[in-house]
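In what follows, structures are represented as structure tokens.
In the two complexes below, chain A is the common chain; its partner is chain B in one and chain C in the other.
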Partner chain A sequence: MAAPLLEIDDLRVGIRSNAAAEILRGVSLTIERGETLAVVGESGCGKSLTSLSVMGLLPDGLEKRGGTIRFEGAILPITDNEAMRRIRGRRIGMVFQEPMAALNPVFTIGDQVAEVILEHEAVSRADAMARVVDLLARVGLPDPAQIAREHPHRLSGGQRQRVVIAMALACRPDLLIADEPTTALDVTVQAQIMRLLQELQRDLGIAILLITHNLGLVAQVADRVAVMYAGRKVEEAATAGLFAAPQHPYTRGLLAATPRPGRRRAGEPPLTEIPGVVPSVTELLSGCRFRPRCAFAGDVCASVDPAFGGRVACHFPQTVELVPGVVT
Partner chain B sequence: MTALLSVRDLHCSFETTRGTVHAVRGVSLDLAPGETLALVGESGCGKTTLARCILGLQKPDSGEIRLGGDNLVGLSRREARRYRPRMQCVFQDPFSSLNPRRRVEDLIREPLDVQGIGTPAERRRKTSELMERVGLRPDWGRRFPHEFSGGQRQRIGIARALSLRPSVLICDEPVSALDVSVQAQIINLLWELQRDMGLSYLFITHDLMLVENFADRVAMMYQGRIVEEGPAQEIWRNPQHAFTQSLIDAIPIPDPNVPMGSGRAAFSA
Partner chain C sequence: MAATARRIPMRFIGKRLLHAVVTIFGIAIINFFLLQLAPGDAADALAGESGTADPEYLANLRREFGLDRPLLEQLASFLMRIARLDLGYSFRYNEDIAHLIFHRLPATLLLMVTSVVLALGIGILFGVTAARYFNRLPDRLISLVALLLYATPPFWIGLMMILVFSVQLGWTPTGGMRDIAASSKGFAGVLDVARHLALPALTQAFFYLAIYTRLLRAGMLEVLNLEYIRVARAKGISERRISYVHALRNAVLPLVTVVGTNVGGFLGGAVLTETVFSWPGIGRLMFDAMFQRDLNLLLSILVLSSIFVVLANLVVDLLYAVINPTVELR
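So, the complex of A and B:
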């Protein structure tokens, strides 16, 4: 059997100045060709750090402590910046939350998209420019030849994100990492961008690693979902199964806390809370990191951090199906 | 219905280098005692400008803003200050709205100091009560804002807003910067405070799905105008205006059985 497109195995990342502080505590994820894997979780769970690791863009002050990342079976040299430059943009495309941060305000759109092609391929400038116009048309921008001549500030937020997607796809990558790609956009624009990503995926066969906090988007576009909490993957399942019968108490809490239409009951609090707060990276906590917030925790949870076994990392996985609108 | 806060035919425009921007174009709203009215729209629709006019932070071109019957438009700064205690606000980013160099107890007590309410000892006692009321430990009062998480900072902002016992809270995207589990905690806190203190909320947001779970009524704002208004669940189930329909259709429902673009059907699912 062919190797998975991307395989992250037991990835550990810590703070260089603090040997005890680990931000990614052994994350394993696999993405097959053409599929969409959503990684969800709240701020600080390590979902963005996981995607930055894949691209070899670990922030200053952090260090890889262990684990491997394989791309088509070969180990990704994520600490070798020169080697990663040849892979980023060509084999792995990236789309981030804030399109304006990914675009240089002093160059035209055409120059910036062409630069990606010229960086990775031996083509003439004129050929690159012709491909740019095709790409801009492909991501649904009207009058692409004109847009290629414009500077980023002339475009709306949604148009800018389309340009960033065109840049990410310029060299026909196999994997697109989309880290909160629509979080800064209005919801109507978000729907257009997500539809575009799905269309491009279908036509080009790219795999998408979608990093998001938005469970609505996950439900609509992901094939599989990995839920992260405090630097670990706590549950992974096919999308339908995860939403119908979440097993980890944190996944259940997250779904219960998410607003959805028609669940309101008169005289009751509008939403279901998860009590407490996420532990900080430097907080030393034995056993399961979710334990202080968990209604199902037992003695073993305080001493043994549960290993990930097939579906969940939990000593007491829950098996009762969720009935929509009813909180268990 | 006797409105506590009433806006009538409000207009507000700005001069920019590209000409006049007419941000609010004849808005009328009524907020009843103990009610939550959500003002929903996308970026640039004028919802924040409208909130700033109501709070007296922006001068409208014309129209009326009545609080308990008195028109606030055209009042001098000094006259307007008398109304401040009755209408307070909670902002989106609790960090940028809290002075980082002041201790939390001082931040919460500041409105009482400014308005000169009670003796210093009474103000301190009131501050501890407020902290407890919003779910903060009173012995955290000596700490600074950066020592708190986003959700706790929003609790500080709410305690500060409540210190003068207002009847109206203007909440401008108070939970948009928060994670979903923290959002639930803050929304439930606001709900409890309303139940116990009879507060009225004007809740400004882009998130129609959230307010379907929380608001009594919704006013949909589009290009400076209120284009549709009604009970929160009715708006979701049976939207009349094209803008509302397209917004609901664009909202991704957290249920894989509801396909993208069919949010209205989700209600009965």
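So, the complex of A and C:
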């Protein structure tokens, strides 16, 4: 069997100045070619850091403590900046959360998109520019030749995110990491951007690692879902299975806290939130890090941190279907 | 990546030039009255030098220079002369002031351009390097050098350099702009001027360098943390290109303003340097005019200086709009 496109194995990331503080505590994820993996979890659980680790772009104060990241079977030299540069932008593209801040205000759109192509491929400036105009048209921007000449401040947030997507896809990467690509946009634009990503994925066959808070979005676009909590993956399953029968108490809490149309009609209980807060990375806590907030915790949870066993990392996985037949 | 050329904002320039004229006349009037407050006039100075205090002689001199007429009349004729670009006559140098100034101007411009270009080049290199190696050895060293240069008075740096490079090592002359003996033509002439220029230009540049380095380092540190820099990294762009193209173009904006101020205020700023190195420029002319109570000459230089400031400001605003496309000139 061919190696998966991306394989993150037991990734550990900590704070450089504090040997005890570990932010990613053994994250493992796998993405096959052409599929969409969604990563969900509360703010601060380490979703962005996981994706930045793949890109070799960890913030200065953080360090990789262990684990491997393989791309097409080869270990990513994530601490070798020069080697990583040939992968970033060319094999792996990335879209960030803040389209309003993602473009350099002093350069034209065309220059910024062409830059990726010129950096990675031996093409002339004119050829690169012609490709840029095609790309801008491909991501649904009207009058692409004109937009290529504009500076970012003339574009709306949705338009800028399309430009960022064009930039990420300019060299036809195999993997697109999208870190909350629609969070900063208004709802109608969100839907347009997601539809665009799906279309591009279908046409170009790229795999997408989609990081998001929006479970509604996950249900629509993801093939599989990984749920993260406090620097670990606590559950992973095919999307339908996860929504129908979440096994980790945290996943159940997340779903119970998510509004969805038709929820009442389907006879689901009203929205509830998960009590308590995520423990801080420096907090010493034996056993399962979700224990203080968990309604199902037993004695063993306080002493043994549950290992991930194929589907879930929990001593007491819940097997009762949340609401039978809700997931379509 | 090149900025796309934009139309020249004629309306903006016209409006600003009009402001400039009003400003320059305003400054001229203020300078005129300020100098009236200073004790003594050209007649006093001339008489003092020739050793006579004969009231008859003084009155004669004053009548000759028009110093005995009512103040407002003197002001009016002064402004009229500025408007006609007729700067009058210097009694000390026995020379037409316009001629005197334009004779001296090239030396000052040469010193200015050389020192600002030097300071900018090194300042950019230092500032960017310090920011790239934030809190590491290169940053520590550069910040220390910048602090030392900032804290040391320029004239003292100038004197020390004369001591080391001219007196001890004998590499450079101690002052002046040309060797009388040396050929003033062709390459030899250029080399001769360059040798004389080295120390005053460095002295002046060091002073600016300290400011530019600190300013650029701070700006770069701020810009390097912005989201679009992370996006550029995710595109696979090299760190060098990210620093010198993506970040610098944004971080250099505050520097443009300061360089503009330095260029505008150069005539005043160069007084000390030109005096220490007996550089035959406007700064030294101003210094001499002040001591010799050559108020006509002094006023003319001050007016020229205000023209410099106003023009530099206009250029800064235009440059700002070129560098930062979000700036709209109105």
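Keep in mind that, in the parts below, the second predicted complex is superposed on the first by the 314 of 328 C-alpha atoms of A that agree within 3 Å, B and C clash if a C-alpha of one lies under 4 Å from a C-alpha of the other, contacts with A are read in each partner's own complex, and residues count from 1 in each chain.
One rule holds in what follows: a contact is a pair of C-beta atoms (placed from the backbone, for glycine too) under 8 Å apart; a residue touches a chain by one contact, two chains touch by 3 or more.
Small disclaimer: the values here were computed from a predicted structure and weren't measured.
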item: Clash or fit, chain B versus chain C on superposed chain A; value: fit
item: Chain B versus chain C as contact partner of A:His153, first or second or both or neither; value: second
item: Partner chain in contact with A:Ile87 - chain B first, chain C second, else both or neither; value: second
item: Partner chain in contact with A:Asp111 - chain B first, chain C second, else both or neither; value: second
item: First (chain B), second (chain C), both or neither touched by A:Leu57; value: second
item: Partner chain in contact with A:Phe96 - chain B first, chain C second, else both or neither; value: second
item: Chain A as apex of chain B and chain C, Cα-centre angle in degrees (nearest 10); value: 80
item: Partner chain(s) touched by A:Val164 [first = chain B, second = chain C, both, neither]; value: second
item: Superposed arrangement (fit on chain A Cα atoms) - minimum chain B/chain C Cα distance in Å; value: 11
item: Overlap of chain C and chain B interfaces on chain A (superposed complexes); value: none
item: Residue ranges of chain C in contact with chain A within the complex; value: 1-4, 226-228, 230-239, 246, 249-250, 323-326
item: Residue ranges of chain A touching chain B (in the complex, touch as defined); value: 42-43, 186-188, 190-191, 194-195, 213-221, 239-240, 243, 253-255, 257-264, 269-274, 277-278, 324
item: Complex interface listing, chain B residues touching chain A; value: 42-43, 149-152, 179-185, 187-188, 191-192, 206-210, 212-214, 233, 236, 246-247, 249-261, 263, 266-269
item: Sites on chain A touched by chain C in the complex; value: 55, 57, 81, 85-90, 93-94, 96, 98, 101-108, 111-112, 115-116, 119-120, 149, 151, 153, 164, 167-168
